[in-house]
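In the two assemblies presented below, chain A is common to both, partnered first by chain B and then by chain C.
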Partner chain A sequence: MLFWIKFAVKNVWRNKNRTILTLVPIIFGVFLFIISQSLLEGLNKESIENLINYETSSLKIVSKNFSIDEKRIDINDITFIVPEPVIDFLKNSSFVESFTYEIFFMGNLSDGLNRFPVIVKGIDFKTYKNTYLTFHNSYPRVENFKEGETFIGDEILRYLQVPPDSFFVVQSRTGSGTFDAFDVKYSGIISTGNPKVDRNTIFIDLNQARSFLNMPEKVSAVSIKLKKDISLYKFLKSFKQVISKYPQLKLVTWEDFTTEIKAIDSAKKSSSSILIFVILLIGAVGIANTIFLSIYERFKEIGTMRSIGTPNKIILLIFTLEGATIGFLGSLIGMFLGGLGSYYLYKVGIDFSSMIGNMDIGYPKNSLFRSDFNIFLILKAGFLGILFGILASFYPARRAVKENIIRIMK
Partner chain B sequence: MVNIRVEDLIKDYKVGDITVRALNGVSLDIKESSFISIAGPSGSGKTTLLNIIGCLDKSTNGDLFFNDKNITGYDDNRLTSFRNDNIGFIFQDFNLIPVLTVYENVEFPLCINPKFKGNHKKNVEEILKMVGIFELKDRLPKELSGGQKQRVAIARALIKKPLIVLADEPTANLDSDNAKNVMEIMKQMNRDLKTTFLFSTHDKLVMDFAEKIIHLRDGKIVEEN
Partner chain C sequence: MKKYIFTILFLFYSFTIFSDDAKTIIQKVEKNLSVKNVIYKARMVVEENENKRSMDMIIYVKNEKNVYVEVLSSTDGNRSRFLKKDNSMWLFLPTAGRSVLIKGHMLKEGFMGSAFSYEDLSERRNLTDMYSIDLSEDDNSYILLMKAKVDDAPYKLKKSYIRKDVYLPYKEEIYSSSGRLLKEFFIKDYEKIKNIYFPKKIIMKDLLQSNNVTTIEYTQINLKDNLSDSYFTKTYLER
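So, the complex of A and B:
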């Protein structure tokens, strides 16, 4: 086999210029495959991290009326009192890292001139900080915030440009359905990279929220963070037995929130795969053309090989190896360039803010895209390039064994 | 002992609507270790006869026997395998593979034949020494003279010790000195290795090397001496 591989490599370099031109679309296709797929993988991974770290934690206890898809929040429908046995279970479970209560409702944030629709989240700061990373990305960094203070998503402040310690008015319906308002002092900003938090969420103290809504003891959700390396399913198995005693409650995991991300990811991967397939197909046509030209130029040589008894399978092997060599060289360069590009995007990222601004791209993340540097993806791209090379050369190679020996020797 | 027998070979070609008879009832016995020349003017059927004996072409009628085995009905795959095992070719234009070195060109027939698995070095170097081009083994064909190229072609034809070597005008592209050298080497290989040689030529000098000359005209044997 080594003899035939050496022979194929030598044949490929017979016409350097043609080979280099043939390599270009393969290099481009493999490069683009690595960049686009690693960016989409990175986008997907970061979106899920953003979801877990800032929105869902590992899982939530919610009211049975809670719906992930429902954008309107009816506070009376979704709030509940957490049963004591549930709290005891969570406190004593060796699987649970931390848990926190939250109550959220729709409201309008006003600086006196402008009004901005927001989700108001009432939280218990200390437990919230242990369950979510939201306040790891606050400015200034705080150890606590008091009743009457608020932290606001940084994107909101782009519209409401006010200095720190300014006061806002929050208007909303209370638990009894009447409109009311309360003042909050703007103490800092939250900048998480998750647009759902940064663009439309303000955080206030849990007791202040309960008191405004006139819903003491009630919560909208209990977020639970599991310890590292603890299987969600293992925990659910035992916890579901506890929750099933309370038909007004249900559990939603972070995976339940990813349906939309998965659908968008799958659609984007499919569309980018089609584009890459077209580019690689152009590359494959280039390889097929090069092998055809090579066969026509080397008819006499093929005739000689066949006349001295070279079996058809070896002639097929020779030309298929030539296609594979072109595919391999193109893939190797594409893998190198794609690997470099992917590593750069993994470390530095690419900021699409000038292109997409505040547009909702369907992923819970900001406009700075980072790739997921994945060596298996790079190897997969290389394999794909070689496979295209082999498939593209197989048909022309068949042509070489079908010609009449006497005719091609003339 | 006769090892190749041709019986009443007929070969017709279609040129448009016209049928041209290239061979017209050729019968021939080729003994083991013989050194035979086929002579005749252009269009007499020399190359067609060599192509049929070489299993590159099929006759319209007649039979071809190798060691009393009739191979006329063999399909393409069996013929390829048969050529691989039993026949060596030397071409007028040398037909060396340009990207392979002298050594690799000579090694090529061993690489395509499963009977020669393993290390080929000893066999290749031995034959290169026999035809006097061992020191050129790492050169590419473009770095060789016409005479040297034809020696490589002879080595390539003989490396697997075939039953017969067929040479179509082997000296046509060589000057008279090189032609003589090439014929001397072929003759020496015929003597040393007991390989049968059958070659076509126009050249009187080349014919003089043959033990037997078969004269062809209009697809028929007109004289054997």
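So, the complex of A and C:
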């Protein structure tokens, strides 16, 4: 068997130029497969991290009227008073690292010249910092914040362009629907890398928000961060008994928020897979063509082999192995180049800001994309290249054994 | 002692007169502003930053409760129709081919993208029911300072400048509870029809943006004795 493998590999190099040309689309296809899939995988992973770190935490207690898909918020429908037993449970649970109250509503931020629609989040800065990473890159430190001051996403400031310590007007409706506004001093800037936060959220003190809305003690959500080694399932099981007593409340986990990300991810992966499949198909046609040419050039050699009793399956094997060798070589080079590219994108990333600007790409992610360096993905791409090589050479190889010996020996 | 009793009686008496005066003024203003059976033709111009769009509308109003608005033409191609019947409001979007019930927080949004909210157009409660009113005056106008006395009043604080001659406000200022001026409303022109002073040109300025002005000019006002109910049906809206 080893003899036939060596024989097939040597045959590949009988016509070097043709083989090299055949390799190109396979290399390109495998390279592109690794780069695109690892980028999408990285995007997906970072998006989920951004979601957990800046938007959802591990899970949230919300009103039963809360809907993830409903973009417009009616404050009266979604606010509630947190029952004491729920607070006690969260305080005493060994699974919970921290929890925080939030109240959010839609508003308009104005510097007197421009008006910008924003989500106003009323938070308790101290507990929010323990539950989310939002203020880890804030300036100044969150500990120095006072009521009446606000943290604003850096992307909003790019639009409004006002100096620190300026006053903004936040206009919205109170809980009972009255048109009203309040002043906030812009004292801090946040940059999370999550466009949903950086582009349209401002943070104010929980009590200031409650006082404006005229909703003392009410919250829109309680965000809960679980300890690292605690699974959602484990916590939900322990919390079920407490929360089930309050039918007006429900729990939503970070996984519930990922439906949109998963859908976009799946659509993007499918479309890029189609493109890569086409490239690999071109590669496969190239391999089939190369094997065909090789067979026609070596008709007499094949005839001789068959005349002296070489079994058809060996001839089939030789040509299939030739195709597989081209697929393997192409894949190997593609894997190497793809691996290098993927590693570079994993470490450095690629900035698409000039292409996408402020466009909403559907992911809670800024324009710097990093890939996920995954060795299994690289092996998968290599395997795909070899598979295409084998499949592409199988039909021409069958032609070699189906031909009439007398005709090919003439 | 007599002096104190006299002072208290005087204060009570002057308060009563003062209060009646404010009430009378408001009643006269509301008489002008509360719409009867009317067909208007109007042009609304919405200016926002450097964008400007306009729309020509026909408006049918019957007994305040029923309003039908149809956009006849607009610079952005919008041909929406709007129906307010009793306490319900619908918006018909020809592109979607169906009508949407406007409720809850949607009422707070701008009427067809303007600085007027649906609520501004649909509010039917008397001002005295919603606001506690302080009256003062200068040579040409009464000045009403209105502070919300119910939780769900449309505005926290507003100041209305009423013309003494025609009992129409020529200016209204809307403030936040902290006293910041947020919106300005003007009636620039009016027309007297059968002893009622109709506003002809109204302007709403949103002061949170440097150039956000909505102007409505009534080009035709036809006061009718009666209007057919068929205009105020969903069938007519969705026709």
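FYI, the second predicted complex is superposed on the first by the 407 of 410 C-alpha atoms of A that agree within 3 Å, B and C clash if a C-alpha of one lies under 4 Å from a C-alpha of the other, contacts with A are read in each partner's own complex, and residues count from 1 in each chain.
What we mean here is this: contacts are C-beta pairs under 8 Å (C-beta built on N, C-alpha and C of every residue); 3 or more make two chains touch, one makes a residue touch a chain.
Predicted, not measured: the structure shown is a model, and the values here were computed from it.
Once chain A is used to superpose the two complexes, chain B occupies space next to chain C without a clash. Shared-chain residue A:E217: touches no atom of chain B or chain C. Legend: residue contacts after superposition of the two complexes on their common chain; A:D256 is shown touching neither chain B nor chain C. Look at A:F7: by the touch rule set out above, it reaches chain B but stays clear of chain C. In the superposition on chain A, A:A181 makes contact with chain C only, while chain B stays out of contact range.
Once chain A of one complex is fitted onto chain A of the other, the partner contacts of A:I406 are limited to chain B, with no touch recorded for chain C. By the touch criterion defined above, A:E70 lies against neither chain B nor chain C after alignment on the C-alpha atoms of chain A. Applying the stated contact rule after C-alpha superposition, one finds that A:T304 touches chain B and leaves chain C untouched.
Superposition on chain A leaves chain B and chain C with their closest Cα atoms 71 Å from each other. Considering their complex, residues 72-77, 108, 110, 112-115, 169, 171, 173-174, 176-183, 214 of chain A touch chain C.
Those residues of chain C lying in contact with chain A across their complex are 49, 104-108, 117, 119, 148, 151-156, 174, 176-178, 180, 182, 206-210, 212. Taken together, the chain B residues at the contact with chain A in this complex read 51, 54, 56-57, 77, 80-85, 87-89, 91, 93, 95, 97-100, 104, 107-109, 111-113, 156-157. Looking at the complex, you find that chain A touches chain B at residues 3-4, 7, 10-11, 14, 300-301, 304-312, 314, 405-406, 409.
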